[in-house]
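Take a look at these structures.
One chain, chain A, appears in both complexes that follow, with chain B as partner in the first and chain C in the second.
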Partner chain A sequence: MKIDSSLKWHVLLCIALFVSLMPIVFAISTSFKELSEAYGNVLGLIPHNPTMANYLRIFQELPLNQITLNTVIVAFAVTVFKIVTSVMAAYAFVYFNFKGKNLLYIILISTIFIPFTMTMIPNYLIISQIGLRNNIIGVILPQLSDATGIFLIRQAMRSIPLSFIEAARLEQAGIFHIMFGIVLPLAKPAVISTGIMFFINSWNEYVWPVLILKDTANYTLPLALQLFISSEGGTDFCVAMAVSVVTMIIPLGLYLIFQKYIISTFTSSGVKG
Partner chain B sequence: MKEIVFENVCKKYGKNTIIENLNFTVHSGERLILLGASGCGKSTTLRMIAGLEDITSGNLYMNGQRVNDIVSGKRNLSMVFQNYALYPHMTVTENIIYGLKIQKLPQAEIHARLTAALGKLELDGLENRKPKDLSGGQRQRVALARAVVKRSELLLLDEPLSNLDAQLRVHARKELVKIHQAYKQTFVYVTHDQVEAMTIGDRVAILDKGRLQVIDTPNNVYNRPANIFTAKFIGSPGMNIFKGSYSDHFLQLGKQSIKLSEAWSAYIGEKNCREFYFGIRPEHILLYREKHRDTFAGVVKYVEEYGSRRGIYFETEGSEVVAVTEASDFKPGSNIYFAADSDKLHIFDSKNKKNIGYPEVYHGNIYQYQSV
Partner chain C sequence: MRVMKNKKNLITQNTMIAYMLILPALLVFAIFMFYPLFYTAYLSFFDWNMIKPLKVFVGLDNYKALFSDPLMPLVIKNTVVYILILLILNCAAPYILAFILSFVVKKGRGFYKGAFFLPSVISLVVGSILYLWILNPVSGPAAVAAEFMGINIPIWSKTQGLVIVVLSIITTWKIFGYNFIVIFGGVTGVPQEIIEAAKIDNIPLYKIFFDIVLPMSSATGVYIFIMTIVQGLQYVFTPIKVVTQGGPDNASSNVIYDIYQEGFLLYHTGYASAMSIAAMVLFVILLVIEFRYVEKGIYYEN
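Presenting the complex of A and B:
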């Protein structure tokens, strides 16, 4: 009976794995194909005549190093700022008692449900007014605070027994000692995985940068990708896939480095009270 | 060492009163046990001493200084938490010296205190382990080591043995007393376990629903219970209590009467009241299979096995009585005859339920505390 049920799960997981991996493998494979083969041999995973031409072309036609650097700057700045503000706000919501704490928290959390389309135009007008259009700072600025991170990190902090904090207070530990010496190390998995989530969201952000950025030199990677999909000369899938592969290398690398924290956050959140 | 004085201390959460008008003194260097059932306010009392709970009204003094508004870190005390509060990301050593490092003690001093504590608490060889790699007993000793290296004047312990198994607990009790004798701090110890309270405490304070019932030595708490609550709470099983009246050398309990000794008769005769509660410990009831002179009849309902002894629950005149005996031949349903030793009676006022005291001849009557 036990073997049967585990087999069932294995089959299910294999299907899930196939569904999630297939597009990635498809993208990598297509990026090494010639255009004629991409249309003729759509599903073939191994290119008949593997070529680096697509990659050479994107590096020749675009300031890809600059674009990658822009994307890295935006994603890192957004992630670092958001994590710092989220950690500090979550700490205050968990360990400080102040009037209106719960109300403030509810208001803050309800901002998660405000759609991007609602804030898009006011944000655009503000950024234009302060002259940050066509500037990556204009891309970064509206993304700097976010209630999702406060929510996730607060949940993790709440699972730390209060006696840990009390024991530290008895030792005359100040707030920074408690925050950096005790709370942050224990909430590390949640902080890191929230950070990864912020990073990937910001890395993939398309609509906001496309509104703000005009010059190719200021572009982020998702905008570069779009150049090859809707260009006047028709869509060159192979080149677009090459840009896709370049786009996913950094987030994928970060995931590989931090995967143990990400997994522990998502597996423990269901078990802990 | 620290003396702690509670003066009319109250603690309220909204409309709920947790602690009501607490007045008592913890003497410098003693081991005081706060004992009570869960929810009686004993942990809250301890946390008020630690400064982890605000005091709603009243005053708390330490060595004569009012400390209501002094933050916990400045009260010079250490505490062992029920869950030990060992930091999972730190090793045993890092956990023990955490506070000393914050106080910025010289490295040599930290090392000396650490080595002494590791040795005293038999933690040698575990220095680099993380808490998750320790057994329950080892974790408890690490928590204790963290508390003693601070060399504070006051050590607070919140049910520190409740996570240990029974055998380890007996061992840890002795260790705690040894630690106290070595460091001579004032000890305030919270527990719901009366055996722990009796064996560890110099004095025991019993709390019920936020009120202090009694504070006295373990011996007096057991042998001279100040009120009916204490008499029933301490001892396992607790004391049998009956309502009855006194007239002319006889105690009338329902239809049955017990002849009192001359000393008791004279003592009660001086009181104005005739209605009393009478108490007798289960081990001071004498059981017989056959009817004897001055015995009463009952029917055995239930027998509790304690190993060396048995608790015999029997019914007489509609009320349940428990006796503890070494005999093993009483079975449920069988008839039983019993007598109460009038020398070992406790008598309580029927109105305020307080002990009325003892005739002078019984002042030396101190029995061994028994528990099962």
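Presenting the complex of A and C:
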């Protein structure tokens, strides 16, 4: 009786899971199919004649190495800058008292709620004016103003017992010692998972690059992907799925490696504190 | 005396360090967030096309034009419908699933959380293309599977109303996982003993959910409610741009896409800015009402 009722709920959870994960399985399977099989054997997950042709084709048709490199550079630069500035700012908000602290924090955090559309026209003008349109540095810059890191890392730092810091201060430890010797090691899980999420989000960024990048050689992966679909129909879905797999493989890999850190950081990211 | 002076020095010195620590972050925010916000407000009073050297001051004309724009009622309706669908799929549904996972089944928590979150790390362009294929009315997997059951998938990309549902499904795919694990964190904050006691008293599950779990995790609930709207609006641009370009006949356009359309396709820079500001004012009002109204009944977990 007991097992029976919980089975029913597991079935419900698994249906929900099926709906959210099935598209990924389909994408991987279709990317290895020949076009005729993609339309003939739609539901079959294992291709009868697995082929690499779709992958070979996308590397021939596009400077995909360059595009992948662009994506790596953008995501890496954005991540490093945002992590460093977020750790510094969060440290100041947790361990220092200064005038206007709370107001400044609230102002910074409320920018999380502002849709990008509200700032995109002036940002476009700024980036054009300094000549960085159609340039990956121009892709990087506006992505740097993001307060989620300050929020998440501050949460983590606040959960470190203050007595640790007081003890170090009594021993006349300097700010660098306290920051690198005590606070950062203890806040490491949050810093790592925030960094991974920064990297993934920047890797996936689409709205801003699509506004300012013109040449295919400067594209990032999500933009390249868009080249393979046509809204009038006639999209070669096998090829589109191959580009999709190339685009999602790095974020998926990173997520699977750091899953534990990421889930626990976000589970506690609600309104607590 | 000496001690006090030292202390005062220490305080100002500390303040200096604190400001130095915040400065780098503040600098990029000033340039790419605060200045643009003010500049958007400034531009909303001008007639300009982004290229002309001269901006013509038109006062409130852009805002007045919002009210006479024949497209506006449709665009607002589409936005509201989209957000309503999103709230059902990304607040109500994950809340129920999180409740089941934390108090009814309990087994496999780690697995379900990890698996549900997985799509959130994948690009929305990928998501858009996956659903374009899966929901392809002629040859997609959903159509083929539905055919076995004798159901035909309508040509949603040409159907008013349905096209918004598809957009909602695509963004839901992206948002659901994050919402699920945050709600799960809130729901598990409700003390286990209370739930067990209620179960022993044979209180039905739906009552436990509505009378105990929902009110006791409402702080998380409100946060997710707001984040769903915020993220839903942030994310919806991508599937519209990739899949529908606002069509058919603007049936899938909404406030966010229309701002892009006016600003970057039609070069009505001033008008697009006015639209941004109006949307933001509406949004802030909604947030304030929401907070004022819900705040009173909130039970804070900590």
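Methods note: the second predicted complex is superposed on the first by the 240 of 273 C-alpha atoms of A that agree within 3 Å, B and C clash if a C-alpha of one lies under 4 Å from a C-alpha of the other, contacts with A are read in each partner's own complex, and residues count from 1 in each chain.
Note that in this section a residue touches a chain if its C-beta (ideal position, glycine included) is under 8 Å from a C-beta of that chain, and two chains touch if they have at least 3 such contacts.
Values in this document were obtained by computation on a predicted structure and should not be read as measured data.
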Would you sort A:222 into first (chain B), second (chain C), both or neither based on which partner it touches? second
After lining up the shared chain so the two structures overlap, which partner does A:262 touch, if you call chain B first and chain C second: first, second, both or neither? second
Under the stated touch criterion, which partner chain does A:182 make contact with: chain B (first), chain C (second), both, or neither? first
Applying the touch criterion given at the start, work out whether A:167 contacts chain B, chain C, both or neither, answering first, second, both or neither. first
For A:206 in the superposed arrangement: first (chain B), second (chain C), both or neither? second
On chain A, which partner's contacts cover more residues, chain B's or chain C's? C
After lining up the shared chain so the two structures overlap, which partner does A:68 touch, if you call chain B first and chain C second: first, second, both or neither? neither
If I apply the document's touch criterion, which positions on chain A are contacted by chain B in one structure and by chain C in the other? none
Listed in rising order, chain B residues that touch chain A in their complex are 50-52, 71-74, 77-79, 81-83, 85, 87-89, 98-99, 102-103, 150
Counting only contacts in the complex, chain C reaches chain A at residues 14-15, 17-19, 21-22, 24-26, 28-29, 31-33, 35-37, 39-40, 43, 50, 93, 97, 100-101, 104-105, 107-108, 110, 112-119, 121-127, 129-134, 136, 139-141, 144-145, 173, 176-178, 181-182, 184-186, 189, 219-220, 222-224, 226, 230, 233-234, 237-238, 241-245, 256, 259-260, 263-264, 269, 272-273, 276-277, 279-280, 283, 287, 300-302
Provide the residue numbers of chain A that touch chain B in the complex, in ascending order. 161, 163-164, 166-173, 177, 182, 185-186
Of all residues in chain A, those that touch chain C in their complex: 6, 9-10, 12-13, 16-17, 20-24, 26-27, 30, 39, 42-43, 84-86, 88-89, 91-93, 96-99, 101, 104, 108, 111-126, 141-142, 144-145, 147, 150, 175, 200, 203-204, 206-207, 210-211, 221-223, 225-226, 228-229, 231, 235, 237, 240-241, 244, 247-248, 251-252, 254-255, 259, 262-263, 266-273
